[in-house]
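Note that chain A is present in both complexes that follow, paired respectively with chain B and with chain C.
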Partner chain A sequence: MTDATATDLSRQDRQGRRAALGRRVLPYAMLSPAVLVTLAIVFFPMVQTAWMSLHDYVLFRPNDFDWVGLENFRTALADEVFWISLRNTVIWMGTTIPAQLLLGLVTALLLNQEFPWRPVARALIIIPWALPSVVIALMWVWIYDSNYGVANEFLLRMGLIQQSIPWLADPTYALASIILTLTWQGFPFFAVMILAGLQAIPRSYYEAASIDGASAWRQFWHITLPGISGVMMTAVLLRLIWVANSFDVIFVMTGGGPGYATHTLPLYAFVKARTNLDFGYGSAIAVLFTLLLMVVVVFYLRRTGKAVS
Partner chain B sequence: MALHKPSTMRRILTVDLPMLAILAFTLGPYLWMFITSVSDESTLFTEGPSLLNATLENYARLFRTVGFADNLLDSFIVAGGTVIVGLSLSVTAAYSFSRFEFRGKRILMLQFLLINMFPLVLLILPLFVLMRVLGLLDTHIALIAANSTIAIPFSIWMMVSYINGIPRSLDEAAMTDGCTRLQALRRVVLPLCLPGIIATGIYIFITSWNEYLYALTLGGREVRPITVAVQTLIGEYEVQWGLLTAGGIVGALPATVLFLLVQKRLISGLTQGAVKG
Partner chain C sequence: MKFKTLTVLGTALALTAGAAAADSTVRFWYHFDNADNPMDELVASFEEANPGITVEAENIPWNSYYDQLYTAIIGGNAPDAAMVKMFAQPRLVEMGALQPIEDWLADWEGAEGLQDNLLKLTVGPDGTQYYLPVQYVVLYLYYRPSMFEELGLEVPTTCDEFREVANALTRDTDGDGQTDTYGFGFRGAKGGHDHWASFTLGAEGVSLTEGLTSDAGVAGTQFVADLFREDGVFPPSAPNDGFQEIIGAFKAGKTAMTIHHIGSANGMVEALGDDVAAAPVPECGGGRWTAFGDESTAVMAGAEDPEAAWKWISYLSSEGNNTMFNEATGQLPVVKADSESWSLHPQRFVQATVDSLPFAEMLPDSAATADFVNTVWPTQMQRVLTGDIEAAEMNETISELFAE
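Moving on to the complex of A and B:
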């Protein structure tokens, strides 16, 4: 009798403990598939990039995998193309993002007004965002075409230029032309994000301000801008990464040319590995670009973090 | 800002016209591509693209001679596979993040945010080497794995925000009635956030469908998604713009249509965190 109670108790105890253990393990068990897969397809490859960057690894000599330490990085810093690419990267990211932000802000402010066809406009404005980047790139190559492109025809008819300009073949215009394309592709994202922020601002703020006699401009400066600053900061951060990844558009439009006029760091790393099969050096450039990007992101987060608090 | 109703004339000048200009800038290139695609290739360079004498010849040629149907199928398999992988892995993970407190939660959540922060070029080289070693180059699996690097963190992020929107008391009530955690997840939480799951799935589908660099690097002769196929239409010596633009329209169509269908829900999910934060 006492024996039976004891085993019964211990069984209950064991069940209770198992349930407690289950409660503790369950969260991890539910997470583990996602974590394991990301470890395999994201973190492992990332470490491998860092590892490859420390080796002399050219794919047509797959058996040579010689440790060279920081040699690839030293080569990069002495490589003229690396510095040209870095300069282009700064121009590329430094103008594309503000241009997207500005155009997106204007679009969002317009979409926040009341007009009859607003839902149509709001749906159509996002189309560039849904298009494949290859299609976007090819579409704009056709627009920029020096002989038959509609850009030249349009500007000639308007009398803004005297003769056709080979937009993508001329080193002075190539990068600017690509930046226009990327602005076109990315501004709808800002418009949509900022619009959501605008709609979250309570109407009563504006009512109070206009009773106090604040002008439209002052309302914008003191109510609208602070109201959407959080959204804008998040959007800029997301775009920073996204624009860094949008080198596929450049790759398709010019392949980095003419000369090195549109070489940017991610493109340079990709081309090095793809055409020269030099995976060691390509990885080193990719690592350098990532580090630079991280510095910008951390700096940005610090600045904006301070501005908010 | 639209407190005092301005006159219609003023509204047209300050709102409608600028909006029309921006829309023209947005849609102009797309329309131009469409017009080019229905123009006759032989007169394209002499008369320019026009809607007069519109023809579907370019589209017919696309499927007849270039074999676009196979490419569409490849894209469909890759994008669909990524949706299945991305969603099935992230639903339980998102539930765990949303409902439990446990050690290492912050770090794990941060990890999934950080993945989004790394540029693609850092992953593309090692993934190529990895797939080569595994003998997976030029297979659908390689492309699904590569696209999942973006899809998994993104869908976890979205799903957490959707599940957070469902009150905890609902799954607690289900468990009082005798459901286990997993049953509560399957019978109560999942049906409630089904619209969110669908929107996330469609977004993953679109990004995988549109993806180009992985498709170019990890694909090949056997598996050639539509984005790579469109690009290979550029010939060695001359570009057949009619054919190319037709390919562009066909390649962009599924993603565009899907996007217009779900844009509202998707955007509210995307912006929720940002607006509140």
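Moving on to the complex of A and C:
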């Protein structure tokens, strides 16, 4: 082997190694801007919130930042409003998401049928999801208004109620009224996701099933449902997190009232931090809620992961 | 040649720097219910009179005004000057967010033209003057004369009479089984503490800081609860009703009485003509209490050019300008000369304001007042109105807040 050949080989070797290194490094280099941004705007505030929750930090006394350990958490667990808010959060999530899922499923099945103007119906159905939350909240406040609202007018004319009901001012109905609003706002998300799942199921499965004499219900149970279970699982998981964290609609509609009737944990954390300026306590509530939500998400993923597989 | 060019450039740079130093911007935050932008005219006339100062006036929605102000101060993005109320002063002073204005006041010729006592009333909790009054109002009772005349009723002067009258005014006018008119439009949401206070704090020995848990104090809250729960003289939406709802219901004839100030008088007259009048709030528990609604301006501690900010706020409280400002807000001028020539409101509303002044009071000079106004009062009152807690529990919670 001549010297020239040896040099060529070592050059190729070097180039090969450089290319391999490039292949290994490139993905990290491509991902790093997104990771850095996520670290800066998501991870850093999360760590900051956890750190603040261990301090007595009231914003209008910016120079006092006293370490109190777990005192804020102890206070939260002994706070009546925390437990009321937790109960409301459980009712709110436990009702809104299944209702949205069910309505979304029915809508998706209908939109999957052949009928005239189907593309228009598909476009219209997305409207509630596309509207800003504040607009939806204000719109529904008027619908529920006890003096001029269409909800009362409609029910009175139908003879279903004898007196106007103050839907948002009566603790018996306030949370349920907001849940109905949220269900209306969120069901198009499920409808669109499930519709996409439905269209991915090959027609031949249904043809084979009908040749074998399977009823519509059997086809739904054994073909449609397994076909869309993956999509449904992801959609529920996303909605679970979004619904849990959203409080804008409640904030605009009732501000958490009357009393604490529509207080949820994210709303309570917001009011404590933003209105009362008690960032230490507000952060502690936010941290507790994040932990609870993580438990729910992990449990959900384990159960549904097994079911889907 | 080279030297000449450098000299010209240097002179140009120096001139530009000089000009830049003379220019300053005052960022001013305010809150007006009026949806038009009445500030433009004042800003234009100020900028014309003070070349080199630009005013950026921003209307911040009232509901989140203080939330935004406090967070902006902490975030280092506070305005240079802002409209402020007395209840916020202890907290702002504690935050070190305000600039004392005493030195400027001493040299300002407009100080003597202010209504008597206003500067003393707005002095800070540490005895320093930070606030410059810009407008004021006093809350009184609005009522619909035609509804009173129809039933042969007199305007109530005591709480007992009030209850009687409110019950009579609550009725089904068209016989369909639905209540069409309610006696009183109660503000159960944020900002409604003034309504409750008029029924509660008039009693002897009862204030937010003392005697609230006494029998007389609890009786006041119970009176409000009974009006809603027993008598049903407030619309059913009362626990959630805010400013827009109570004013809207009164204008629409849904309620026969409500409590607010002269700021809404012109809107009422526009909607109802002569069929709206005003009187002082009734005497409850042996005395009267109504809210003195103050509004001042202040220079913030972090102002870029405090001198320019002072020029702007003092401009708003000067003769003539103060009229323009109050024409926009619909409230009353703090400048004596402007008050004397005041013709914006019908006399009956000015009279009700003047008649209410002797017993008008402000909320306590305490850091707890902001929480009382923003969260504690609304949630506690709503819980009482909806039967979630008893009147005594609400008064207890408020007492504890002010005792902290």
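Operating definition for what follows: the second predicted complex is superposed on the first by the 283 of 309 C-alpha atoms of A that agree within 3 Å, B and C clash if a C-alpha of one lies under 4 Å from a C-alpha of the other, contacts with A are read in each partner's own complex, and residues count from 1 in each chain.
The criterion applied here is as follows: contacts are C-beta pairs under 8 Å (C-beta built on N, C-alpha and C of every residue); 3 or more make two chains touch, one makes a residue touch a chain.
Worth saying up front: this structure is predicted, and the values here are computed from it rather than measured.
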Touched partner set for A:Ala261, first chain B, second chain C, both or neither: second
Chain A: partner with more touched residues, chain B or chain C: B
First (chain B), second (chain C), both or neither touched by A:Val271: second
Which superposed partner A:Ser146 touches (first chain B, second chain C, both, neither): second
First (chain B), second (chain C), both or neither touched by A:Trp83: neither
Touched partner set for A:Trp221, first chain B, second chain C, both or neither: neither
Overlap of chain C and chain B interfaces on chain A (superposed complexes): 147, 274
Residue numbers on chain A that touch chain C, as the complex places them: 59-62, 145-147, 156, 162-166, 168-171, 254-261, 271, 274-277
Partner chain A, residues of chain B touching it in the complex: 1-4, 11, 15-16, 18-19, 22-23, 25-27, 29-30, 32-33, 36, 44-45, 48, 85, 89-90, 92-93, 95-97, 100, 102, 105, 108, 111-112, 115-130, 145-146, 148-149, 152-153, 156, 181, 206, 209-213, 217, 226-228, 230-231, 234, 241, 244-245, 248, 251-252, 255-256, 258-260, 263, 267-268, 270-271, 273-275, 277
Chain B-facing residues of chain A, complex: 24, 26-28, 30-31, 33-35, 37-38, 41-42, 44-46, 48-49, 52, 103, 106-107, 110-115, 121, 123-135, 138-140, 142-143, 147-148, 150, 153, 184, 188, 192-193, 196-197, 200, 206-207, 210, 216, 219-220, 224, 230-231, 234-235, 241, 244-245, 247-248, 251-252, 266, 269-270, 273-274, 279, 282-283, 286-287, 289-290, 293-294, 297
Residues of chain C that touch chain A when the two form their complex: 67, 70-71, 74, 91-92, 94-95, 177-178, 188-190, 235-241, 249, 252, 254, 367, 371, 374-375, 378-380, 382-383, 385-386, 388-389
